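Same chain, two partners: subunit A is paired with subunit B first, then with subunit C.
Coming up: the complex of A and B.
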């Protein structure tokens, strides 16, 4: 069971321009991403959309596989900015680790 | 894959205490200019951001990271953050081959030669030429990046610097896009190939030009180096995935996972090698990562300098 945080979008705003709600899950970002990894970066965008904060924290290290190359943002048909969302999530996680320390 | 936190904390700690992500003293890492005979005053200051100078050290350190990435020893990287920056930096400087340092220093001297041949009124002040902090921005350590960027922007501003000539895409992006946004200070920033006026048509050859993500996509500058090459009679063959849709070389992943950097890089290399023409890079990270995979890659400046 995963606990959802309805106010996660608000929390992310401090770290990134959140365009996750524009995403309609077409999967173009997954197809174009050089990582050829299952559901990257879409899975993380989906977690942001539904406020699955816990899932993001559990899988946090996966975020650093992102090369910040920008291809997902370049090709997004909804003109969302998945690259910036992933960068924002990295910032949020770094902040979380530091607060915890 | 290493734990990102271990890498981030080590790099951030070094940057905060030494202003260098590897802790290497500035006088050791920035030596290329000593043989270049450059004035300290002029119209535009050459700003290398130390990226080319860092490559031999990055190669040494990622060589060790690659060796231990999948071994139980990988977890001990968490203790690296407790090592004093200058101490680990000096150690890294000592085990890095000087021939590699000279090779990358030569690239910077070649850039100066082609700028001078283009009548660019440039100057250089080595004490002001510091690292932009871009790696920490990419890794998500916004706090350390912004603090460092403010320090550097103030230093340049106080010295009266207005116009900058950059030599790599990462530093160019940091100074052109991120510094105005996060430090409130703007400079007139030009990648060196924007200022070239070389119209000799002296070399008749064809090359495969690899567009780095930050020039091709983020800054939309792909056409500019291709035009500069055309001025020397050099033609760029079409590459599968270029310009705004260029493919990453894998280099940005090398600190977190050298294995992943290799996987992504091999895919890009296959696209570049498919053309059959010699490969040319214009980013030190791309240059190093593609070379590491066994490719014979030249820097853009090394090709251009042959035409003057």
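Coming up: the complex of A and C.
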């Protein structure tokens, strides 16, 4: 069970583009991603969209698979900028770990 | 394909038989040429032809040509169901200058080629066509019944459909009575605020329409009034209106004027009044009611912050305020969850039936856009309030509505999608969560993960149900669909007409419509009614009972058997210098059912166009078979 955090979007604003809600779940980013990893990066974008803060923290290491080739951002039909959101999430995670430490 | 036959006797009927391929629909299973060869040998058949599509222009032209050059004077078309094209061919005959009632229609598609195959199909088609040809030989030209029509229309229901229809009728010079059960005009529209997708105010729409209606000298508005009696027929209805006394209104109903409702000025009735009204046409605009969720359905009735969408709209209109957070009943709302398809698209075995065992299996069509409209407005006016929409499917079908969907998404509305058998569960939130409620939902957009959505407010997008008009249905003998909405004659070809002549439907008593569609329907119904009344008379099919006074002995069995009171009476008349009683038909009231024919001991009554002799000829032809005719 995942409790959504309605304020997560506010929290993320400090680190990333606020474009996740433009995503309409088409999956183009997954198709173009050279990692060929199930639902990457769409699952992360969806977590951001709904504010599934816990799930992002649980799966944080997945973010470091990203090569930052930019293909997802280039091909996104809704200009949701998935590449930038992934970068922003990394910044948020690093900040989170730093605070915990 | 043709083989004309000379007919020696000029007075004998010359029957033309036209058999349709229906582009293969019929001819893939019925050997239409074999049917034609058998039929053209039948006595009385002057010509038998086949055509790829009889209903096409060349098909109809073939009939017209044969009629005009005298080859035929009776027509049989064997094609699809008469409900589709009987009128088409009667009109073709009328245009060719002949009487449209020398026509017989045979259904060899729905009743033959779609259900039988191979030789049996061909044999049955031949039998049916032979029977029709045998009947056609006995058909007589008939004259439609013409009855005078009262130049007045009655609209039942004072919502947007009724107001719109009344205004349009009056604009065409037809006096109108508008009958409304409640004490205000505006109906369900009066409960709304801003209308999707254009954002107009419901108040403005109601004020404009109700203003035009109340000002018009030819419209009489009866509020607090119900139709309690209906007699008569197309062009000549007699209605009884009952106005409730003012003291009956004190209490809930009197206070319950919604925000945009308009109450006509004038004194309330001191006591119950009944009024008789003569009217030529009736438009039913009885509207819908919003689905009322069961107690416990998504927490409704159990948790105070669970509202229906109409209730939210009304609260937002009455409690308008500014600020980053939406406030409802004084409570700041940080998060709203809106659940779609409540009381709509219910599935047997999954959803719970109401007390009467019914489910609303239809889509209410307007709630998706109305929900998005409310969600988008909350996001724009109170950006601190998060909005989650939990849906099964989103259907924003009309002009401008898809744009609203996209706009709501861009303004930060979050969408979650659930399967019908995994409905969201609304429960009280843990005190630590800080929200009033949480909604557990298995979200297919998050790859089937189960999520808890925290919410201070849950909004149920409730669908439409038709208002209960069982009294009118009973009184006017109206057909009702399995979904309980009123059922039109044909959804495309006659979309605003009831099968009972002179009665029309407008708006959401027929199906879920939005305001624009409701006005379209009201306009169409008004035009149909006005066109009918402007002529001053109406024409009815002549398939009614006819008495042979030479045979009638006046025993009255037919009057007792008659299903429509007033259609048959015994009257005194002079025959051979003697005063005798004889049956007399009032054609406009006769249903053409034939109950009288069955009971007459002297065979003195018959239904025009369906006489006993015609039926006997049909039976003979079926028993003998067209093949028998061929070997003779």
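Throughout what follows, the second predicted complex is superposed on the first by the 101 of 101 C-alpha atoms of A that agree within 3 Å, B and C clash if a C-alpha of one lies under 4 Å from a C-alpha of the other, contacts with A are read in each partner's own complex, and residues count from 1 in each chain.
Heads up, the rule we're going with is that contacts are C-beta pairs under 8 Å (C-beta built on N, C-alpha and C of every residue); 3 or more make two chains touch, one makes a residue touch a chain.
Keep in mind that this is a model prediction, so the values were computed, not measured.
Asker: Kindly say whether there is room for both subunit B and subunit C on subunit A in the superposition, answering fit or clash.
Answerer: Superposition check on subunit A shows subunit B and subunit C fit without a clash.
Asker: With both complexes superposed on chain A, which partner does A:94 reach: first (subunit B), second (subunit C), both or neither?
Answerer: first
Asker: Of the two partner chains, subunit B (first) and subunit C (second), which one does A:25 touch, if any: first, second, both, or neither?
Answerer: second
Asker: Is A:6 touching anything from subunit B or subunit C once the two structures are fitted on A? First, second, both or neither.
Answerer: second
Asker: Mind computing the angle subunit B to subunit A to subunit C from the CA centres, in steps of 10 degrees?
Answerer: 140
Asker: Quick check for you: in the superposed arrangement, does A:70 touch first (subunit B), second (subunit C), both or neither?
Answerer: Touch status of A:70: first partner only.
Asker: Which value, in Å, gives the least CA distance between subunit B and subunit C in the superposed three-chain arrangement?
Answerer: For subunit B and subunit C in the superposition, the minimum C-alpha gap reads 24 Å.
Asker: Can you name the residues of subunit A that touch subunit C in the complex?
Answerer: 1-4, 6, 9, 21-22, 24-25, 39, 43, 46-47, 49-52, 55
Asker: Under the touch definition given earlier, write down the residues of subunit B that touch subunit A in their complex.
Answerer: 1, 3-5, 8, 138-143, 213, 217-218, 244-245, 247-248, 250, 252-253, 256-257, 260, 264, 267-268
Asker: Would you tell me which residues of subunit A are touching subunit B in their complex?
Answerer: Residue list for subunit A touching subunit B: 15, 34-36, 61, 63-65, 67-71, 74-75, 87, 89-91, 93-95, 97.
Asker: Which positions of subunit C touch subunit A when the two form their complex?
Answerer: Result: residues 334-335, 386, 388, 409-410, 412-414, 416, 433, 438, 440, 443, 445-447, 449-454 of subunit C touch subunit A.
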